[in-house]
Amino acid sequence: MYKERLTKLKEDVWRANVELVERNLVIYSFGNASGIDRESGIVVIKPSGVDYKELSPENMVLVHLNGVVETGQLNPSSDTRTHLELYKAFKDIGGVVHTHSRHATAWAQSKRPLPCLGTTHADYFYGEVPCTEVISDEQIKSDYEKETGTLIVDTFKNIDYHEMKAVLVACHGPFTWGKDPQEAVFMSDMLEEIARMNLMSVLLNPEAGNIKKTLLDKHYLRKHGEHAYYGQRSLPSSEV
Amino acid sequence: MYKERLTKLKEDVWRANVELVERNLVIYSFGNASGIDRESGIVVIKPSGVDYKELSPENMVLVHLNGVVETGQLNPSSDTRTHLELYKAFKDIGGVVHTHSRHATAWAQSKRPLPCLGTTHADYFYGEVPCTEVISDEQIKSDYEKETGTLIVDTFKNIDYHEMKAVLVACHGPFTWGKDPQEAVFMSDMLEEIARMNLMSVLLNPEAGNIKKTLLDKHYLRKHGEHAYYGQRSLPSSEV
Amino acid sequence: MYKERLTKLKEDVWRANVELVERNLVIYSFGNASGIDRESGIVVIKPSGVDYKELSPENMVLVHLNGVVETGQLNPSSDTRTHLELYKAFKDIGGVVHTHSRHATAWAQSKRPLPCLGTTHADYFYGEVPCTEVISDEQIKSDYEKETGTLIVDTFKNIDYHEMKAVLVACHGPFTWGKDPQEAVFMSDMLEEIARMNLMSVLLNPEAGNIKKTLLDKHYLRKHGEHAYYGQRSLPSSEV
Amino acid sequence: MYKERLTKLKEDVWRANVELVERNLVIYSFGNASGIDRESGIVVIKPSGVDYKELSPENMVLVHLNGVVETGQLNPSSDTRTHLELYKAFKDIGGVVHTHSRHATAWAQSKRPLPCLGTTHADYFYGEVPCTEVISDEQIKSDYEKETGTLIVDTFKNIDYHEMKAVLVACHGPFTWGKDPQEAVFMSDMLEEIARMNLMSVLLNPEAGNIKKTLLDKHYLRKHGEHAYYGQRSLPSSEV
């Protein structure tokens, strides 16, 4: 039972990592996707610095939520500890993705939250996508990757991670999450799209701010929550 | 007779929806094309939230102009009521397209009309492409998708929809139309192209305004209207 | 003899038109390439408004320098008279190309000449690429396409068309030329590349102006003219 | 022994030149890669002005560090003397690449160093990528290509070329290097990526400056140097 779940999870995580490349969200090996088996607390993640073409379900790495890596495997992604912090704080997410996708990273580097300028954004992100503070020297010097996770969690003190499945880490790049690795990949792709559109809108009109609450609610809630009326009902919520 | 027309229309609408993806105007399922059989008042439109790869002429949805959906079908696109308003107000159009194409949406999000900066634009759009007001709270709370249609129609109070087959809905994205679904797709593609060019021109020269009336007339009218002299005469007007 | 030259020219002009599409310089049928047989004064040009996939060496159109079209053919490109003016004024060019390529057109729409900001530009264009005045109402109302040619020729009163094989027509787009249709296509492609680079440079540094004369001379003249030392000697000058 | 090394080097240099085209870093023949056999002092480089499709390991050109070209070969790249200066000054590099890639060249033309705005940059370049002064008239008029090398070397007076494997030559474009031609190609590709991201960040926030030293050190040093902990250890340092 556990074995079967794990086999499927390794397959899903591998596929998510491959999809990041196919969707042009990752250059070289700048990115990683993971998934968690909540029952056992096992996180499956991409190995560090391995070429995407050599990835397979078999060489995905198993890590316990406490950080212990299963023996006899490749080293896990250097960002693993950030993923673990997110799984610990965001209790019911099932997948996490980190990329350096071009437009989302450009915003992260500008240290600006991504304003919600239109309905494309509002359909999937409930308001502006937050940008963290720049990580402190203390955090850099202690346990950098873990502290990057703490920084994200702190940023979400007053934000519901169910309605905002993305964050920009200042001077770094985006992290996204979802109920499984596939939804996390989807959120990364949508984030990149709106980062691209919104960059252009801001150049055209620097005063363009967040859309009003009524419009945001209308769009976000027609797709999400109990009164949703978009789609065919039987489709998964990540299906646009 | 009616049956044959409908079979062809379903084929045309399906093809138009597929073309939106192929022309890179639609990401995921952010977009929809429809067509109308004026004699029967039946509108054919894409189903809501279905993956493009699973679309076929058969699963296109039939909706009466009054909003009643034929039974036994998938749910129609969530934007259907906007399409219906356009068909009701713009009496002789045969197709409508809605996309979130990147550059046109960037302009819509900036809440600026698209100025007519050159002859590429003037060849197909007779002047600047209007941008609606931001939809009011009352409209959002009553019948949102229908009111989006009303908003567009109101914007065209003093504009001839035959000469301006596109609109930017503020904080949302573009709608285009034409004599059939294929022309509506073509207008969406041209709109995206000029939105892209004009964005760059405005960055290079923020003072660049609409071209003068003589040049606009020259270009628009050499392709359209009774004195047109472009092309081989036998080509449809949507053929550039 | 004349017949063989013409057969080759039709083939060359057809290939040039196809190459414009392959190089992504033309969307839909916004563009045209032509060539001239100087001995007979016959210009070969693309037919107007015909889909690129239906072009062939056989349906290229023959036009005399005086504007008379050979009978029994398709209508020539609506821009034909502009091409003819260029062939008449620029005595030893053999090919002309007109496109609405995105970045070059963006500059033309901004009504700014394209500054020479670097050596990529200096390798092929001897100084800034001029932008015409906006065409006058009189010119628009008389013989518009012919007058577009006059406008270009007037712009070159003090510029040597051998060293500057491109122009931006204000509010319209670029024209390029060369010793044959292939070189004219090459110049269109290079123009688009530098229009793209230079746009970004100008956004990064609005004060970046033309490079100094010594650097311009060094680059232009190491590739062109009698002291050229670039390449393998036997290569045609359009070969970079 | 020497013969075998040379055969491999010609293969490597040919492959590097082909990769530049495949990675979209070179348009037409604007670019060149070279490698050096340190023992014999022989540099292998692309011939000048030859179409990429006609390149082969066999037609790569052999040049001595002192500038003498082996007889019976094609002319070497016109930028050869710049490469030679770099090999002479940067004692342990094994490959050099020059491109006119779009975004890096846009920065070079703006005469601005590329600021280090984020961790994508910091992972591979230890601080901002320097931009040279504009080359002097004296240098242009003496031995231009050699002096371009001198200009680069002068720019690195206080910079360690092991930690900064790239430079922007003002009004020209980028040069990169590495332990072999492949690493030099990789650095060109990374440089183009960060030039692209950073351009957008600067448009979004003109005040965004270099990231702080602690963050730069953390990222650069976790991948490079004796305390590196990224990857699987057995991977070459150029493997991301």
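Per-chain residue numbering starts at 1, and chain names A, B, C and D are given in the order in which the chains are listed.
Everything that follows uses one rule, which is that a residue touches a chain if its C-beta (ideal position, glycine included) is under 8 Å from a C-beta of that chain, and two chains touch if they have at least 3 such contacts.
Worth saying up front: this structure is predicted, and the values here are computed from it rather than measured.
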- Message: By that same contact rule, can you tell me which chains touch subunit C and subunit D alike?
- Response: none
- Query: When the CA atoms of subunit A are placed over those of subunit D, what is the turn angle between 0 and 180 degrees, to the nearest 5?
  - Reply: 90
- Given over half shared residue numbers means same and under half means different, the subunit B/subunit C interface is different
- Farthest from subunit B by Cα centre, which chain is it? Let me know. D
- Report the inter-chain centroid distance for subunit A and subunit B in whole angstrom, where each centroid is the mean of the CA atoms. 34
- Where the centres are mean C-alpha positions, what is the separation of subunit B from subunit D, in Å? 48
- Counting only residues that touch at least 2 other chains, which ones in subunit A make the list? 202-203
- Message: Going by the touch rule stated at the top, which chains touch which?
- Response: A-B, A-D, B-C, C-D
- Task: Give every residue of subunit B touching subunit C within the complex, in rising order.
- Result: 117-120, 123, 190, 193, 196-198, 200-201, 203-205, 208, 211-212, 214-215, 218, 222, 229-233, 235, 239-240
- Message: Using the touch definition from the top, list the residues of subunit B that touch subunit A in their complex.
- Response: 27-30, 47-51, 74-75, 78, 100, 102-103, 105-112, 134-135, 137, 140-141, 144, 171-173, 199, 202-203
